[in-house]
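Here chain A shows up in two complexes: once beside chain B, once beside chain C.
Moving on to the complex of A and B:
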């Protein structure tokens, strides 16, 4: 009888929807602002990761610095300007569109255009009907070749 | 394909090749910093060993060498002997100050490191990492030299050993102590 109660208790424990008791963390407006700014800044010790996604200690500290500055009343623009003044353009996930940076923005599309043009030219040449240049008739067969063909066709 | 197009394609490829080739000879440690020529951010923090507050403002009018380090950093151990040698070389100059900045570290580990490898100058704890961010630090070791007017004049990423040591002492610190511009 006792075992039944233990088994019943165990089943209740297993079936109870424990995950529903997990707390839902509400994002505050400050959290959202931190996230939005952190997403635009590069983790300087990572590979192509922003400081929101990175778990590197420096990224964690940078997120804390953003939060602290927002709490002090700094605007997102002021915070961007601060990080830019410390790390230069490298800190930005999107390089600003000025000077040599234009190369980064324009070069991929320019290369795509140039590559596409050459591809188009090549493909056009492949699919061009060969009849456009009049074909020369094959040279007439000589007697020896004609006899050989006859021989091989009728006496394989 | 016309000859003009072929020619421009070859020129474009050569230009790309030249760009990559030039990149091969660049120094990966030489990260251009926007801080050179700007006023050094001021800071206040506790001394690693004594806990006493240290402020950069105390050293106004002096050439200040800041060396960011951590006990877990291998290259910091590599340069440590030379860092002590550098301090030995300039410590008697009345206008020279050297400060270590302990970065992303635990206090007991930092203390143990200094006890093991030796220390002849003060080290500030960067508890929240804000000091490192203020100086645009990427990692450790990183070294900054601030002139007597409080302007950052030099930055080096990596250990101060060999030719780097010679360059730093002869072409940066010595001229700055003589109030002349560094030659690098």
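Moving on to the complex of A and C:
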């Protein structure tokens, strides 16, 4: 009879939904949204760190503020606008594209274009017109070069 | 008492530096070689004295002599031995002394190494090196001495910044400084060329190995910095476009342009002014890099020393050096007008010019981005942030352009490329690039940057492998050996060229690593209790327990996470949340497991009183390619430096 109890106990052991005890935690859609927004905002008390990466208390508060606003139904744009109105352009991880900021957005590509154009024109100018016929006889070898060729031919 | 010996040595070194400059000038005026010998003695003794200075500081750290202010500020009685030595350059004063010490060892080496072959250059070399040295030693002696005493002596030191207590940080500053300082040798030779009027190719040939050595050190230093940020800062990335990182990246960019551009002058005797300009800019940016980091002008996560007054001095010093260099260049530029002759727009010369353009625009972009916040603050009074999103958007196209040029450059002939030559060298790579794009598309990769990156990597990579294949076969047939031996023979027959191609391969691997780990990084943050599990990518992480761990100078809460994939246990990761005892400052220690060339990266940024832990998992695919690519780049440079000397060198 004992065997039956043992078997019963064993069955319970095996069939008990053990995995459900280990709670599976996961990010919610909200968590992901908070992260996306937090990555675009700067932690104002840290140095060039966004409030997602920063562990500063202010960054924790700001993340909480983002979460709160998202639960209230604010859109990411509204949240950005809120932080912008409180902290100014400084809060964004990249300079917003207006006013003087256009300078650093455009400068790299402008430099490439202007530089490239300038280089192209210069090189065109340097190219000798006569060189369109590449079959010029090579300049005669000087003594040193001759000797070297001889040397290297005979002692490879 | 010991530390005063160090202080005294450095003061004497300062005097000897003056003697070095004076004797060089005397040598040039009197044309008496004895004065040059005096200069050589001055340079050598400076090295010995700075060695003594460094040694006494190291000794003070090892003896934990907290009566020395610098030691008290940067170490602690519980600081482990290993980091006690690193603490010597953990702060402003010590790093300056390290800079000066490396400079003096390089100057001494250069003076003895080139003494016999470069007699006319010697006085100029000694004068320029001593002038740079004077600038640094004056700063150390008068404004920021690491030898100052602290009265009364504290019972214990304030401790080294916990973030700096990391193996990579031990080597990072010396490597970086060796890079910066290494460029001072070609810079001094360039200055010597300008002052002496010997404006040929001599100075470039003499300093060729110095240049690549400096480049190797700088590259290693930058990579170590990235490695440190990755392990220690705990956000799973290795490059944050932080002002301090940018400060080291700018001289690297211009230095790399210089490294390539000198080849044109060596082969074609053109662009003399241009190369002088590039080395002046490179060394200036090295000085500016030191200045930016050490003056506190740009505050950033890496800057641990801030003092604007010293900054003003460094600014004047740098302006003097740069001003003198450019002045000399402008005065001599008429003599430097080289006969520029080009046969075709489509030639290696033009590719090098465009390579230079891209590198300089890249450097200008980083420069502008780094200084723009300062500019806005001065001009408009407002504040603005230039962070990673800006650089990623702007820098990527420039970098891709450079990688494409890297594929073309080595395979386009000097002077003029014919249509058949282009077809022969670039048809297969072009197809290979397109095939790579198609393969990526088929495997579900649609990111524009990944595709563009795939194209250039496929293009440039296949060009190199095609070349390696061809030469191996050629040598194998000629010498009747197998392909591998043929490759080795071909490689050693033209080691300079092929070792730089190895470096190029390293760059491509690095780029694949960067693209994959940037675009395809997966991240997840969860709050969990012991027994909970979370999944990231196809890994499951179960928090088994959280327990206390005690280190020599810190205590930590350590989480033990069991990582499983398909119900199979892969490893256990143990991230920590540490608190360093002396400073009570917290750090997050990441736990990393390498798998499939990538990393599972786990941190535990917070544990609340009721046992809820915040866990942050990051999957960085192919990140080992970043470090591996860096290693191959370094290997290529070493093969280049230690190539057998050929007759014409």
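By definition in this document, the second predicted complex is superposed on the first by the 81 of 156 C-alpha atoms of A that agree within 3 Å, B and C clash if a C-alpha of one lies under 4 Å from a C-alpha of the other, contacts with A are read in each partner's own complex, and residues count from 1 in each chain.
In this text, contacts are C-beta pairs under 8 Å (C-beta built on N, C-alpha and C of every residue); 3 or more make two chains touch, one makes a residue touch a chain.
This structure is a prediction, so every number in the text was calculated from the model and none was measured.
Chemist: Counting only touches as set out at the top, which of chain B and chain C does A:81 meet: first, second, both, neither?
Modeler: A:81 sits against neither chain B nor chain C.
Chemist: Could you say whether A:149 touches chain B, chain C, both of them, or neither, answering first, second, both or neither?
Modeler: neither
Chemist: Which partner, chain B or chain C, touches the larger number of chain A residues?
Modeler: For chain A, the partner with the higher number of touched residues is C.
Chemist: Between chain B (first) and chain C (second), which, if any, makes contact with A:121: first, second, both or neither?
Modeler: Once the two structures are laid over each other on A, A:121 reaches chain B alone.
Chemist: Which holds for A:141: it touches chain B only (first), chain C only (second), both, or neither?
Modeler: Touch partners of A:141: none, neither chain B nor chain C.
Chemist: Applying the touch criterion given at the start, work out whether A:53 contacts chain B, chain C, both or neither, answering first, second, both or neither.
Modeler: Only chain C; A:53 stays clear of chain B.
Chemist: Of the partners chain B and chain C, which touch A:65 in the superposed model: first, second, both, neither?
Modeler: Touch partner of A:65: chain B, not chain C.
Chemist: Quick check for you: in the superposed arrangement, does A:95 touch first (chain B), second (chain C), both or neither?
Modeler: second
Chemist: So, does A:45 touch the first partner chain B, the second partner chain C, both, or neither?
Modeler: First partner only.
Chemist: Taking the two structures together, which residues of chain A meet both chain B and chain C?
Modeler: Of chain A, residues 88 contact chain B in one complex and chain C in the other.
Chemist: Where on chain A is chain B touching in the complex?
Modeler: For chain A paired with chain B, touching residues are 44-45, 57-58, 61-62, 64-65, 68, 83-88, 114, 118, 121.
Chemist: Which residues of chain B touch chain A in their complex?
Modeler: 1, 5, 9, 12, 32-35, 38, 104, 128-130, 132-136, 138-139
Chemist: Going by the contact rule at the top, pick out the chain A residues touching chain C in the complex.
Modeler: On the chain A side, the touching residues are 21-27, 31, 35, 40, 42, 46-50, 53, 55, 88-95, 100-101, 103-105, 107-109, 111-112, 115-116, 119-120, 123-124, 126-128, 131, 134, 148.
Chemist: Give every residue of chain C touching chain A within the complex, in rising order.
Modeler: 233, 235, 240-243, 299-301, 303, 340-345, 349-350, 353-354, 357-358, 360-361, 364-365, 368-369, 372, 376, 379-380, 382-390, 393-395, 397-398, 401, 416, 418, 523-529, 531-535, 542, 586, 588, 605-606, 647
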